[in-house]
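Both of the next two complexes hold chain A, though its partner changes from chain B to chain C.
For the complex of A and B:
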């Protein structure tokens, strides 16, 4: 049966086939519009600034992409980022060792991921609910741990450099992001683990029949995702130079919006890291643009809300268009 | 015969699904107060017909006359409004509501102003229940009733709509003998009330106990329709089976090696009630069962997809861990599921990626997949099985059913297996691809595998199997060698 391609269908079909290209066009268009408002936007300093600000969401977005590919989600990363920051700063204060502090922060991330994974696979609690619960537990937990911000009493140079230093002209957070990005690009696209992620999210029963230990894979993905979020938490605490228990609010939504905007499906089985990178940066550019154009900063949250709706809407359009293609 | 007595008449009804002619030119008439049995093998067309009468499917051509006037149905609600009530196996009740609320679900008696008139509702429900000699409290929650009582509520719902035709789809499949007796009483009450009843069943003894007329379907056509007094069980079975095509499926190899898989007393909470059998190397064991006999449940229990409540499995003399799919897969079990899209394919992935899913490990070095090796191997199987696909990278979603099934078979051919379980390997597949798949089954056995084929298609069963096991109600009720098996014997065991 032939399908008469109306304009709407052509658009959604293009969304499927050229998702990344469309995203790049959106990114370029946004940049041009903002530059017209304020030419400073396109300066190298501002571009590096945007990338450095994006690095945390991109790093956490790598984990979120993998989780969404397996059909799960993690809403606890915003609270985790705050907790990691407070713990890292506190431990460095106490031990005078940056390495121990960072290690403690990453370990907290890994443990949180393990807990999320066990709640999902052993207690069979839907990850949307399970990680909202974890979000509450961690946020309450960090307030119980320290009600006020943990200040920097150690003045370690290494700690300061994580978020603020440079490698040549390249800010260290961008370098960290690039390294992690390339490693996980390999994992997702070329490794057995990556193949299993897609299979598990695409059809869990088929994955199980093929001998994939779906529960173990999901637990490991939760751990990887939370540990990556903890890396973002370490960068953030270094940039803020204090461990703030109320930081990271809404971080999880910024990350998820970017990832979905990048074409990763909420239904599992689909998603690319390229899309995530562009999606997260688009979110950042919108936020940066609002500042650089001198608009009211509270608009950032409002606009992010609209973008999230748009991202999910596009995800639905993609799914619909796909089911229509089958009937050809 | 008094023409006025005919309440429902179906003329030259045809219905086609992609690749299958489900009904071709069926004529059928039902009289007031008549209980007419519809029998036939799975896929004969009974379900399609009742779904058309229920307004679920639209017919391609032909007409339906109801009380002498043409009937056009646009939805399931339509048919109920016109007086045709279908009681499906999956009951359509709202479990959280009361008996009375369910009986009058579509038409609550209202007070002036729109509030529900509870007293009238409960009184009229009581009247309806009384008219079929049923003692149930109208205010009881439906979720607290047994399946059999829930069925009665569905029938009462038909009466609340003053239904003139009631269609029942295998109503006794989940009932105990006592419950069946009371169901029959209710059906006989319906008959006295002048309601015409179409009774779909697999159990022939019910036909002769309950029904006035028996109508046999085969391959989408009505083969015979006779008063029960003018026929007998043997004649009906012959009509159901009809053809002899045992030569269609060449089973070239039938050597029997050592025991590969031993199943002992396998039981699940729901369906299986202690199944034991053995499969040998190079042997194809066909397992037959009608709908609801527990075939698919057996396949899933063996593979570990469903939890097992009792029994044990042995693979080449070594105990197999139960309930662990990854363990089964690594031990060398393969499972081709009945539900191709829901449980077999990963639709978002490519043809090659679907083929190699269980064996992709073999193409990996240091955890990274060597795509070249993977593609070379996949290409080999695309050619060997003549899979029609534009490329290896094509999404498997866009292939035809037959080609998708071949991709799944390739998946298991690529891997070194001990046992392969094939659940309905040719369901929904055109005749050409069917024959190719049967040839592959033969090859698999020749390669020394223990092959289990679960099927509800009689010709397939007789064609591919070295040995046939018959299941009914979660048990094995018959075992036949290739030479002694006949369609009649198998069917007799399946409806036992």
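For the complex of A and C:
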């Protein structure tokens, strides 16, 4: 007796095989619908605006994707972005050196990642709890460091250009995003390290047995992720022209939503940077579209919530289907 | 002009002298307890300075606790202060409904209680600014600038925080104020920046993509105004063709922006130090069983690039309020709108 796939199973199979294509179709459809409502949506200025604004979440999303692939997560990146911004601006003010300020911010990111990695691998604290704790430490810590916003007393052109400058017609944040994206795309897809990420997330025990130093890999992934979040923090402080201790609120949720929508599994072992890029941009388009269309802004929160539920539901269906695909 | 200024200064000094004398002669509470709602905010950092300064002037011991946006913690701290036997209690409510329990308990124990910021049912007195009138003053001053320097037509991008009624009142007040000078002023965008600079930057960027034909940027707080200004600059628009009005003056950001001499021309200042100062003054009045108004309005004023330094000095990152000038400001006896 022939086994036939149900419509639902065919849909799920499509999701597994053609996830990124489906996301592109969703992105295109959304863009068309919003453009019908307001043609300014599809203007070059708005497209660059969307990409520039997405750049911070995409950059942080690269790191979050790698972490989720290994089966871990980092909820401290929002607080880290705020702390990095404050430290970067403060150091530039004090040293009059953009390079030193940026390095200080990135170093803070790397150290935070190291701390998160050690808490996970040596103290064996679940990364969800460990990074929530780090989120609290960083958020409280930034206020201990500087209770008030750090204003720009240096007026360095190089600092200004990080978040607001252009390379030709391309905003520099988009260029930074593109460069980092391509580098890590190569790392994940073409290098041994990338294959180890998937192996670790897919089956940590098997990965260990096959000789992968899982703990070291996770620590390095945490460091990479937090450093990338720090890059996002540097871009943000440049765009805001001040280091704000209260910035970055909800940033981790924005990044995770985009990454999961892009097809990265919460369970580990699956995910692509292409999916992350499209997922983050879809989230950004929704928020941008709501304002462009003049709708009630509270819809941004409501719609994001629905999108997140949909993304996790699809992730669960993919996971279940992978374990029992039925072929005709 | 000089004669008028001299008279103003003399009057201000007399007011300060007689007030101080009056307070010197009144009985003073030994200990005042204040339970704040979010001390990490710059507003409350500045308010705290004013409160501490006045308490130190009068020889009053001030104890401070921070509820950190937790209503249950606020109730608990208030009860602790009551148990400790403070002479007067000041509360900046996390939530006005939740603070009713504190008001009831304080009344039952005969403890004088002052509410700061937002009215609570059953309270004796509120020490706070008038948000609508503050915004209104900012709107009038901004309207004057637009009329004199920007061609007399006003198209406004306002960054609001609709979750909080005081912020809604500020934006409403600003719009009504600017229309007293420019009756056909248009509110092109009224967007929610959540009171945060990074969110204000994001939503203002989107709004300006939709329609960038604005020449007035208003924020319900300074971060909102500055976020909108950053968005305006990032959109490549000409900053000589726009005016910015912020609200609050809670930190140094507005002073810095004004010192730069750019489009940030107006600050609807709320003088948080003065709010703290008046809370202590009101504590002395209540302790002496004096009759007090239900709402003791603290001063607000529209500062400009040429007048801000009459009310504040800034040395490095330390700002000092000019008490003489601020205490001489005319204040409303009651708010135009609540």
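Things to note:
Following the convention adopted for this analysis, the second predicted complex is superposed on the first by the 322 of 328 C-alpha atoms of A that agree within 3 Å, B and C clash if a C-alpha of one lies under 4 Å from a C-alpha of the other, contacts with A are read in each partner's own complex, and residues count from 1 in each chain.
The working rule: contacts are C-beta pairs under 8 Å (C-beta built on N, C-alpha and C of every residue); 3 or more make two chains touch, one makes a residue touch a chain.
This is a predicted model, so every value here is computed, not measured.
Legend: residue contacts after superposition of the two complexes on their common chain; A:168 is shown touching neither chain B nor chain C. More residues of chain A are in touch with C than with the other of chain B and chain C. By the touch criterion stated above, A:209 is placed in contact with chain B alone, chain C being left untouched.
By the touch criterion stated above, A:236 is placed in contact with chain C alone, chain B being left untouched.
Once the two complexes are overlaid on the shared chain, A:143 sits against chain C while remaining clear of chain B.
Contact residues on chain A toward chain B in their complex (touch as defined above): 186, 190-193, 195, 198-199, 202-203, 205-213, 269-270, 322, 325-326. On the side of chain C, the complex with chain A involves touching residues 40, 42, 45, 191-192, 196-198, 201-203, 205-207, 209-210, 223, 226-227, 230, 233-235, 251-253, 256, 317. Against chain C, the residues of chain A that register as touching in their complex are 38, 40, 43, 45-46, 49, 53, 143, 147-149, 151-152, 164, 236, 239-242, 244-249, 287-288, 291-292, 294, 297-298.
On chain B, the positions that touch chain A within their shared complex are 303, 305, 325-326, 328-330, 335, 337, 342-349, 353, 357-358, 360-361, 364, 367-369, 371, 397-398, 411.
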